[in-house]
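Sharing a structure, written as structure tokens. Questions coming.
The first chain written gets the first letter, and so on, giving A, B, C and D; residue counts start at 1 in each chain.
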Amino acid sequence: MDGAVIGIWLAALLTLGIMSFVYRDNLYYKICEAIFIGISAGYWFITFFWDSLYRIAWIGIVHEGRYVLLGGVILGAMMLMRLFGKIGWIARWPLAFIVGATAGLKMMVYFTTNAMAQIHDTVYDTVTAFSGGDLYNLIGRLVILLGTVTGLIYFYFSKEHKGIFGGVAKVGTWFLMITFGASFGYTVMSRMSLLLGRIEFLLTDWLKLVK
Amino acid sequence: MKHQIPMLILSAVGTLLVVSVFVPSAQHWGEDATLYFDIIAVFAFFLGGGNLIRVHTEKVSHKSAGWIYSVVTLLGFGIMLVTGLFKIGNPNGIAGDLSKSGSYFQLLFQYVMSPLNSTMYALLAFYVASASYRAFRAKNTEATILLVAAFVILLGRTALGVLLTNWIPAQLSVLQIPNLAIWIMNAPNLAGQRAIMIGISLGVISMSLRLLLGIERTYLGGDS
Amino acid sequence: MKKYQYWLILVALIIILVIVPKPLEISPTASVIVTILLGLALIWVLVLTIRGHLIGRRVVFLFIGASLALPFFMNFEMPFKISPEVKTLYDALAKLPPGSKVLAAFDYDPPSAPELQPQADAFMAYAFKHDLKVIIMGLWPQGPQQADMAVAKALRQPEIRAKNLRYGVDYVNLGFQSGNEFVIQRMGTSFSGMFPRDIYNTDYNKIPILNGVENFSNIDFVFNLSSGYPGTVEWVQIAVDRYGVKLGAGNTAVQAPSVYPYLSSRRLTGLAGGMSGAWQFELATQEPGKASTYVLPQTFSHTVVIAFIIIGNAALIVGYRRSKRGEA
Amino acid sequence: MIALLRVAKFVVSLCSLLFIVSFLPGQSVYSQDTASSVNNLPPITVKAYDTENDAGSSITVEWSDPGYWRREGFNGYRLSRKNVASGIEDSLDVLPTGHVLHEDRSVSDDSSYTYTLAVLINGANLTSTSTEVVRSSKQWFDNRLTWVLILGLIICGAVIYFIESAKRGTKLFLRRIAGLEAIDEAVGRATEMGRPILFIAGIQDMDDVQTIAGLTILGSIARTVAEYDTKINMPVCTSLVMTAARETIKHAYVTAGRPDAYNDDMVRYVTNEQFGFVAAVDGIMVRERPAACFLLGAFFAESLIMAETGNSIGAIQVAGTAMPAQLPFFVAACDYTLIGEELFAASAYLSGEPRQLGSLKGADVGKAIAMIVILVGVIATTIASAWNSESMLWIENLLRQMFSTG
């Protein structure tokens, strides 16, 4: 028996172990789960270690002289102060840095690529459809226009959903429901494909029942 | 002191990064901040990994329920650390690429972690089916709309949709299910997506401002 | 069920597995019979549900398992239609003259491989047959390995093997780079800054195919296979919006709806979404592969899901409801 | 607070200054050369100018080829650069057909240069005369982002205005969100049943705003949990989230006056691996049978696995995410779902603090602007194209300029 055969058997047994969970929680699943947690936690630690600590920090600072990265190392070291009860509060500094950076960066990213680009596209697409003259296209664009505006009204917080406003918001929820339905419908396919991949592995690579 | 300094760091870093977007020579600050984040995350992992080891060793030493699984977890973690740190079996030795095929680390990934990963993901097929059976029902207007949209797309993205509506003449081809599915994706679905996306970006802006102005600060902890 | 019954089932399964001929294939007639049996079982579930017995989730699971596994042994012909998104993608590829440099970004990992690997295989085979120069990279750690598999598979085809393609001249794998969308942004200035070396540790400047490739302006087409973040959305937002590259993508079915907005605003040139997208892409590029095998079991499983949605609603319309939440 | 406002004011004035400065004319050189006319084609025109909106050290060279590239034996363009002061000449890259522009990033802001372009046709190189002297410089403001800045300032200004006015005691109305009202009920039910609650803040790290939004909601939930003396269980998949979540819960226990009841083990790290984490959470769900599950943060494919498992054990589930692709699954399998923006608004709602609520009102102004712009834009451009109205055309162009972010 060569290594690859052992590997395939191992993979097949682990596959079956995880699958057994859909019947119910059991000893076999618990073992697979424990293996999974241990192995994957180790995998990511090692990946981070070589990719971030070694390649970015060590190579970057020592070999490439990018001393600006020292700041990251200092903040990282502060994180470890958590281990020492008395000065544990210093760990809040790197945390504050991360939250501040995330807030600042994401605010701009979301604003330009989500809000502005989407508003631009909505206006521009509708206009193109008007001048294009294709009725099918035009109806589609008007639906987008209606859906985007009513959808935004649904998200409007400072007005009660009553009367006309409530009616419009209701139309907005219908559009959201279509969006959810569409995502769901599109997704079912991919989920089936995933299981397909595993079943194919069991039938072909492991049991060799199918060519 | 314990509160003002983190607050100051937060506001300063956030504001600077917002401003840096507009200044060409500072536009790379965002990337640097991400590198900082990566480095901090590795250091933090010593805390997380430490927590993992502590929780499971405690379970083993107290022989509490299911301690045997903790032994398995610790073993898995340890094996991965040893094979990965020393790059055991790597054809290029310690200087080799981590994902080099042939190394023990890579073998463990390929034959243990990868099948576990794919199978756990694949379980979704079962859950999607049971969710469809139980939850997608025309209970009210909203649920009905969701159901119909899902149904048309589902049919439209499979060969079944082609089979069912191939008889519809070319003039009315818009009504063929695959085309209807495309229309739903391109029009009402897009509208909903856009409303959600614009809403989210405004939500992010107002939350970021709450964070930068120090109004929202629960995650920075108490006075202990 | 008692304990020994499980063991009996297990032993029976093992015996069946040992005695069946391998590979196992059933005739078209038998395929029809199995399909009818499956249909009858569904009708039985419908009757049960209408009479007020909601079936348990495990029965649903059993149906899904059966509908995915059984078609592997069957033989049927399937009708198809290539959707406009896939057509656009194929046309964009077909328009590229030989020698064009294509950047292939592999942003997914093994769990998404069933859907994306067939597209990767078809793409590689197509690119190699049409003399496109492929530059591979990944924003996901495991992406470049998936690319390697596709390359290896394509190189096994006799027609491609005859071309004697050389690594570094006809294709190159730059490997994974962490940093998500910032990698794309930096590539806008300099590829070599983000990828100083390829996966074999060769210097960027010493790789012939990369000669003269400084940034996106030297790339003719970008093909992105994506199953989440970072992926097609980031490629559109940065590579297309800021650097004006031409981008086509293959996405998992889940990911696809969220990139549709870009398709309609033409920032994305073509999209193959999910398994049927992969299947259509295989047909368009004339590289039949795994997606062609998968499409039958997939159709079966979809039919079962659709049937369950209908059954669930039939029960509701007939008016039986179960007050208790839980198992069902 | 005042200090912060001052900082903000400073930043604003600085930005406006930069904005004005950025309009000052830059150097631009245009030279027409007289290359060999052997081929009866007009000479190739080359111009070089400082690359706009950059951090310096870059000159853009642009040329228009009247048709040399169609000639047989065309091999590309070779660009040469001469340093005016030192006289050193460098040959730059050879560029294939189709290129009409090259950005030279190997220049120094301290030197001036001239460029020449050679068309390579079978060794017979046709060289243009050199461009006028050009020097690169850095810009202090990215012109392309002017409208981003203005619109951003309007929306941020609205948020800050409403925060301030709420602080001064102006009453603000906000509609109810069903999912949020269910939170107390869910915690209450867990207390009655004597079972724990499970909180999952998504599977992303602290660099995702959704994770931060999840943690801010955790703050409110943890306070209720501390008051009711319920057990909270929070497996996390990254170490930074573990640290931040511990701070959050600890703070909530302190605020509720029960610091002694807090324990670090309420939050534990499992694994960074998406599905490894899911395997563990599923295990926890079926073994510990929490009475309530909160799934608030950034979720990917695992959303439905968790939500369905939670559903199968009969837990009350409140979910929320800004991942559009995962929302349908939460809607299908959970009792309440916070959709997109509601996730970010939730902590402000739950805190009930006027300043936080004010920020939501500010975001509403943004939505109003978005709707008005979309409607006005569509109406204006339609009229513009139908009746060729000058003023409407002006509005159309303005809007297009405003919202193109490239």
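Just so we're on the same page, a residue touches a chain if its C-beta (ideal position, glycine included) is under 8 Å from a C-beta of that chain, and two chains touch if they have at least 3 such contacts.
None of the values given here were measured: they were computed from a predicted structure.
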Other chains in touch with both chain C and chain D: A, B
Chain centre separation in whole Å, for chain C relative to chain A (CA means): 18
Averaged-CA centre spacing for the pair chain C and chain B, given as whole angstrom: 19
Euclidean distance of C-alpha centroids - chain A vs chain B, Å: 3
Chain D residues counted as touching two or more neighbouring chains: 148, 155, 206-207, 209, 212, 240, 243-244, 247, 269-271, 273, 275-276, 279, 301, 324-325, 327-329, 331-332, 339-342, 345, 360, 363, 366-367, 370, 405
Interface hub residues of chain A, defined as touching at least two other chains: 18, 21-22, 30, 32-33, 36-37, 39-41, 43-45, 47, 51-52, 56, 79, 82, 92, 95, 98-99, 101, 103, 106, 108, 110-111, 113, 115, 117-119, 121-122, 124, 145, 148-149, 152, 155, 176, 179-184, 186-189, 191-192, 194-197
Multi-chain contact sites of chain B, meaning residues that touch two or more partners: 11, 15, 21, 30, 34-35, 37-38, 40-41, 44-49, 52, 113-114, 116-118, 120-128, 130, 132, 136, 146-147, 150-151, 154, 157-158, 185-186, 189-190, 193-194, 196-200, 202, 204-205, 207-209, 211, 219-221
Contact graph of the chains (line, ring, star, complete, other): complete
In the complex, chain B residues that touch chain C: 30-31, 34-35, 38, 97, 99, 114, 117-118, 121-122, 125-126, 128-130, 132-134, 136-139, 147, 150-151, 154-155, 157-160, 162-163, 166, 178, 182, 185-186, 189-190, 193-194, 197
Chain A-facing residues of chain D, complex: 148, 151-152, 155, 172-175, 206-209, 212, 240, 243-244, 247, 269-273, 275-276, 279-280, 282-283, 286-287, 324-325, 327-329, 331-332, 339-342, 345, 360-361, 363-364, 366-368, 370-371, 373-375, 377-378, 381-382, 385-386, 396, 399-400, 403-405
Chain C residues touching chain A - in the complex, by the definition given at the top: 17, 20, 22-25, 58, 61, 64-65, 68-69, 72-73, 111-115, 141, 178, 237, 241, 252-254, 256-257, 261, 264-265, 273-276, 293-294, 297-298, 301-302, 305
Interface residues, chain D side, partner chain B - complex: 1, 4, 7-8, 11, 14-15, 18, 53-56, 138-142, 145, 148-149, 155-156, 159-160, 163, 205-207, 209, 212-213, 215-216, 218-220, 238-240, 242-244, 247-248, 250-255, 259, 265, 268-271, 273-276, 278-279, 301, 304-305, 308-309, 322, 324, 327-329, 331-333, 339-345, 347-348, 351, 353, 355-356, 359-360, 362-363, 366-367, 370
Contact footprint of chain C on chain A as seen in their complex: 22-23, 47, 51-52, 56, 113, 117-118, 121, 124-125, 179, 182-183, 186-197, 199-200, 203, 207-211
